[in-house]
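In what comes next, chain A is part of two complexes: it sits with chain B in the first one and with chain C in the second one.
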Partner chain A sequence: MTERGKLAKWLVVLGALHGVIACAGFFAPYDPLEQDRERPYAPPMKLHFRDAQGRFHTRPFFYPLRMREGSFDQYDEDIVRAMPLKFFADGSNYKLLGLVPSHLHLFGASRARICLLGTDGYGRDQFSRILYGGQVSLLAGLLGAGVTLLFGLGIGTAAGYYGGWRDEVLMRLTELFLALPWLYMLLGLRAFLPLSLSPLEAFLLIVIVIGLVGWARPARLIRGVVLSAKERDFVRAARGFGAPDGYLLLRHVLPETSSVLLTQAAILIPQYVLAEMTLSFLGLGVPEPQASWGNLLANLQQYSVLMSYWWMYLPAVAMVPFFLGYLGLASALQEWANPHKWK
Partner chain B sequence: MRFLLRRLAHTALLMFGVSILTYLFASLAPGDYFDEMRLNPQIAPETVLALRAQYQLDRPLPLRYVRWLDSVVHGDLGYSFSYNSPVGPLLWVRARNTLFLTLTATLLAWGLALPLGVRSAEYLGRLPDSLVSWMMAALLVVPDLALALGLLLFAARSGWFPTGGMVSVDFNSLSPMNKLRDLALHMTLPLLALVLTALPLLVRHVRAAIADVLDAPFLLAARGHGIPRHRLLYRYALPAAANPLISLFGFSIGALLSGSLLVEVVMSWPGLGPLLVEAILSRDVYVVIGGVLLSTLFLVIGNLIADLLLYWADPRIRAEPGAK
Partner chain C sequence: MRNFKAGSIHNWRLLSLLLVVACGAAPTMIAVPQLGAPKEDLLALSGEIGRPGGRLVVSLRAEPKTLDPVLATDAPSREVIAAMQADLVHINRATQLTEPALAKSVKVSSDGLQYTVTLRQGLRFSDGKPLDADDVLFTFRVYLDESVHSPQRDLLIVGGKPINVRKLDARTLVFEFAKPYGVGDRVFDGLAILPRHLLEKPYQEGKMEQIGMLSTPANQWAGLGPFRLKEYVAGQRLILERNPYYWKTDTKGSRLPYLDELVFLFVPSADAQVLRFQSGDTDVISGLGAENFSVLSRQKTGYTLADAGPGLEYNFLFFNLNDLSGKAASELAKKQRWFREVRFRQAVSAAVDREALVRLVYQGRGAALWGPVTPGNRRWVDAKIAHQPRSLDQARQLLREAGFKWTSGASGDSALLDAEGNPVEFSILTSSSNADRMKMSTLIQDDLKQLGMRVQVVPLEFRSLVDRVMQTKEYDACVLGLVSFDADPNSDMTVWLSSGGTHLWNPSQAHPATPWESEIDRLMEEQLTVTSYEQRKRLYDRVQEILAEFQPMIFLASPNILVAARNTIGNFHPAVVESYVLWNVEQLYVRSGAGRSGR
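Moving on, here comes the complex of A and B:
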């Protein structure tokens, strides 16, 4: 496959994955905060095609769960009441992409809840929470990477283009930041900010903290590119004709950094998604009841959950395709940027 | 010798810079350990003020920093509010456990990465190479949090491994042989999590470095002389490819240190990680500063060792005019 084709393939894959998360309201059957106190820690429900009499149905159906007598987390399928799965069902209200109000869901059921991936301790639908949680985690990763790249671009360009003492000072600072183990730095930085915050405040704070921790490496790379770009013949020619610094930077130097920026973005975004997850997992990130992949996993820190409710681990699986996508994108971008190096 | 001194001075300067940076951050932070007391109606405002005065939180910033530096020199690293003891001794115990885990993981990861990388470079583009590449890609796709939690889940459900801690409750009553066994069992999962996350990067770099050298004329000549394959790879190719790998070694220590923080929390290994998270949640400033500084120190020492190794391994660096 050509470099361009590979790139397109990974972009399509990632686009589809992000599309699903972005339209979580449509793909999730329920609101992520909707509780069902009757069914805490219900296991994933199975979809059936063949009923108790052995007849085959083209429309999948499920049996609602009923708590076993005398237990608090054991469920049986109520095989008398077969509930057909409805596609494009009416359900709770949501705003598609945060803009278009709607109450149409990809699937759902009337009279009983269908929880494909089980429920958590409050009986909230795990499938819906994973989709909605993905919005928080991915957005944090994307915005955080944006902050880092902006910061790195500014510092790298200033150091590389102007050189001299600015370069010296900025590069020493960069070394300082590179010397810190990043997870410790992330926690250290988070440590000194307020602990109890509203979900939105916490989210913005995390984005900024994550974004500020990682700027050193991109800054160094961009400085290198800018250093070589500003000595290119066409740039020197433009300078000779009296082009001002601002024009030179915008027109000639910064475009040279685009492939480094793109590759770095593809590397940074999954890292930062993981950073958000780590913070939320440790209880330093987005707080409950707002779902994020990290705080969904935090349940596993309780031994009883770990022992008995394996479906609470599923949010960790949800991010694997995204990592795969970004990994593929990063290597495709690298091949695309310098094709001769990779035979 | 001058090289060593210069590097040491550089390191000291770096640590100084990091200490100012962390201290500044810590002090600019809104709120402190005694804020929660202030909200408690049963504690008189005067008591809180007195406590703040006792811990000298009411002094100006530069003065506090100097006093803190003084306590660093004495090995105290400030005072922990929640443990009510100097931070230093608290950290040392935890740091020992973290170092133990991280260094073992580093050795193990490199011990695996070298043969794997060399083997794939040797069979570049053929079956063993693509097999290793696929394995590494698979590992790379699974993030460390998912891996650590997955291993923990596995331990909990299979019951083959303990699900946390460093030793069992009855550790002191065990015979030496059983003590070793107990420790090894507790260490297996954290080690596995760390090694598996670190491995892909290491293997990729070893492979690239060796593949670069394998085309060199001197290796062709060596092969022509009929030098055995194993000797060719490990005695001729590996030293020639060592330079970038030694730099990577320093870097890998830092990466494993960061990774070990999360793994320690997940697997409740009594290292720096859980202590740090606890300290953050209770606003125990000096413990946080100490933890960050200590981890930085480890990383910097790791890089220093890598530099010295490089100096020792590569005569070209020794010959540089500035490095004499």
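Moving on, here comes the complex of A and C:
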């Protein structure tokens, strides 16, 4: 496969994955906040094709769960009531991509809830919550990486291009940033913030925090690229012809950094998704009842959940394809940017 | 005045009193003539005869702050002190009735103003020094000394005057009250009798704060309880050993306690305590959450789980009703206009799905509450308070009457607006270390969303939460719980009196802010000096009804007391009041064949 082909393949994979998350409203059968207080900690429900009489059905169906008498979290399938799965079903209202109001869902059921990945302690559908939670976590990763690269680019370019004392000051600053114990500082920082943050404020805060914490490494990389780029013959020539700094930077130096930036982005995004998950896990992210992969996993901090309900681990599994996708993209980008190195 | 444990404020002037009927298996006391030792007036306890020897390991959530019974307020200290000290009259945690302890008898004069207490003969402190009336005199002098700041002092002020104590002879004392005291001889429960020979010097030198440190050498500390200090390892454990001079025996006449050692391990989190119990590091565990209880019941090997039924913990939601004129942020003042509206609070109460709270938070091991007295407290609960089922219609009706209206919000949900058109939005504080209350808050958030209220749940570290509620008063609403130490209404005096420090929605008022608060003040003061149970019950019922009507606290639910013990532990009879498992520690024993040596 050519470098370009590999790159395209990974882009398609990632595009599809992100598409599903972006259109969570359509793929998720339920509102992520909707509680079913009769069914806390229901296990994942099975889809069946063959009924009790052994007949085969082309349309999958499921049996609703019934809580076992006297128990709190033990369920049995109610095999008398087979519920067919409906495709393109009517359901709760949502806005597709935050814009288009709709109530069409990929699948659903009329008279009973289908929870493919089980429910949490409030009876909320875990599948829907993972999809919606992905919106928060992925968007935080993407925006955070954007903020980081913007800063890294600015500071790295300034240091590399101007050199001298400016380089010294900026590089010592980046080293300071690398040396700080960030996690503890963030935990401390929360104490100084207003008591209640709306979900949006909390989200922006977390984007800014993870964006600002990580700029030091890309800044150093970009400084290196800029340092070598500004000594290239064609740049010297342009300078010799009297080109101003702004022109040189935009026209000759910055384009040299593009492949580093893209590769860095592909590496940073999954890292930052993980950072969001870590912070939310520790209670610094978007608050309940909003879902994010991190606060979905935070349920596992309770020993009883850890021991009893394996489907609460699934948000951690959800991120795996994204990570593989981004890592594949990063290596494809590298091959594409420097084809000669890889032959 | 508060006891901090597991994220609850433990209400603590409660020491005395308790009534509530509880489970059977309660040892009762029988006077057994002590033929062999005529000079010693020992108390014989009925109950299973145990085997002497062995050790019991228990976990504590934190290190005790002190061993000094005069100043201890935190739950770990109180638990340890209960095993090391004794009182004149003790409330049996199972029957919840008083029983003579160090006192052989208590005679009350016909006007109810004089209590004549006769001490048992031949009693000794755990260091072997004898007990006499001077120790009791000294003890009450210390508790009543204002400069000592003992939290128990308030209990000993009756009718505005401190109790007067006189010595008649070496074994007899007279306690004089200015007014009849409603709780009767329950007042003596929890007032540990101090060893004068050890404490008089530091007391006279004004060094009471320095005594009772955990690092105190074992030979410089003594009490009258079943165990005495042996060893303290900072950050790890506290080891107590059997007090050879203890004044109780079993029916066969062998001296209690059975155990040689009682070890307290410091295990900071509830989950870690469960793990330590499962791995066999500890022998009993109390205060289990329902979820951990079901984890333990699923993989049960070698231990017994017990659901002792509803305890005395009540959880509630309350709004900030403090008068903040002056420093009030206008934002909060706007919200307080809703909070002060009785119908608003009633609407919130009507909208809360208490059944779901009990089912989802306590897995059904709890009780829904409509008033502060839990069903576990059968003697004092007011049966007339209606258990209104959840009704959103009623809630909407109340809000409409109070001038609230609805508008359809951006996302299609309806939003609640007040009469001036401000959207109703507020936050609920809750302790981040208490998973149960976090869950309650999240359920309430969803309940209130259906009324169009936008509620945010703010988990906060427990100490900063208490600071906000009690000091800075910067909060909208809060979900919290109180645990009464005793079933008697006196235990919650500081919660209901408008001048009380635990009057959470508006603490320490100079004058009652509302007519109904002043009515509660009057009723609570009155029940304090009435001695007949029926009259006190009538007065306290009225208090419960006022609370249910005006809803300064929206009562939510009460968890059952869940405990577990290894099968090797004998005489395990958990009680619904503290200390749930160790209340009969002198009778607990390790069954034979359960070798636990070499740890």
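Here is the rule we use: the second predicted complex is superposed on the first by the 325 of 343 C-alpha atoms of A that agree within 3 Å, B and C clash if a C-alpha of one lies under 4 Å from a C-alpha of the other, contacts with A are read in each partner's own complex, and residues count from 1 in each chain.
Everything below uses one rule, namely that contacts are C-beta pairs under 8 Å (C-beta built on N, C-alpha and C of every residue); 3 or more make two chains touch, one makes a residue touch a chain.
Not measured: the values here are computed from a predicted model.
Between chain B and chain C, it is B that contacts the larger number of residues in chain A.
Of the two partner chains placed by the overlay, only chain C lies in contact with A:Asp73; chain B stays clear of it. In the superposed pair of complexes, A:Tyr303 makes contact with chain B and with chain C alike. Touch criterion met: A:Leu189 reaches chain B, while chain C stays clear of it.
Contacts of A:Leu99 after superposition: neither chain B nor chain C is touched.
In the overlay built on the shared chain, the residue A:Gly283 is in contact with chain B and with chain C.
With both structures placed on the common chain, the touch criterion links A:Leu180 to chain B but leaves chain C unconnected.
The contact surfaces that chain B and chain C form on chain A in the two complexes overlap at residues 191, 195, 283, 303, 307. The residues of chain C lying in touch with chain A in their complex are 271, 274-275, 289-292, 294-295, 298, 353, 356, 359-360, 363-364, 411-412, 427, 429, 432, 435, 438-439, 442-443, 445-446, 456-460, 464, 468, 474-475.
Interface residues of chain A facing chain C in the complex, by the touch rule stated above, are 33, 35, 37, 40, 72-73, 93, 95, 121-123, 191, 195-196, 198, 283, 287-289, 302-305, 307-308. Of all residues in chain A, only 175-176, 179-185, 187-195, 270, 274, 277-278, 281-284, 294, 297, 300-301, 303, 306-307, 310, 313, 316-317, 319-320, 323-324, 327 touch chain B in the complex they form.
Listed in rising order, the residues of chain B touching chain A in the complex are 14, 17-18, 21-22, 25-26, 28-31, 137, 140-146, 149-150, 152-153, 156-157, 163, 254-255, 257-259, 261-262, 265-266, 276-277, 279-281, 283, 285, 288-289, 291-292, 295-296, 298-300, 303.
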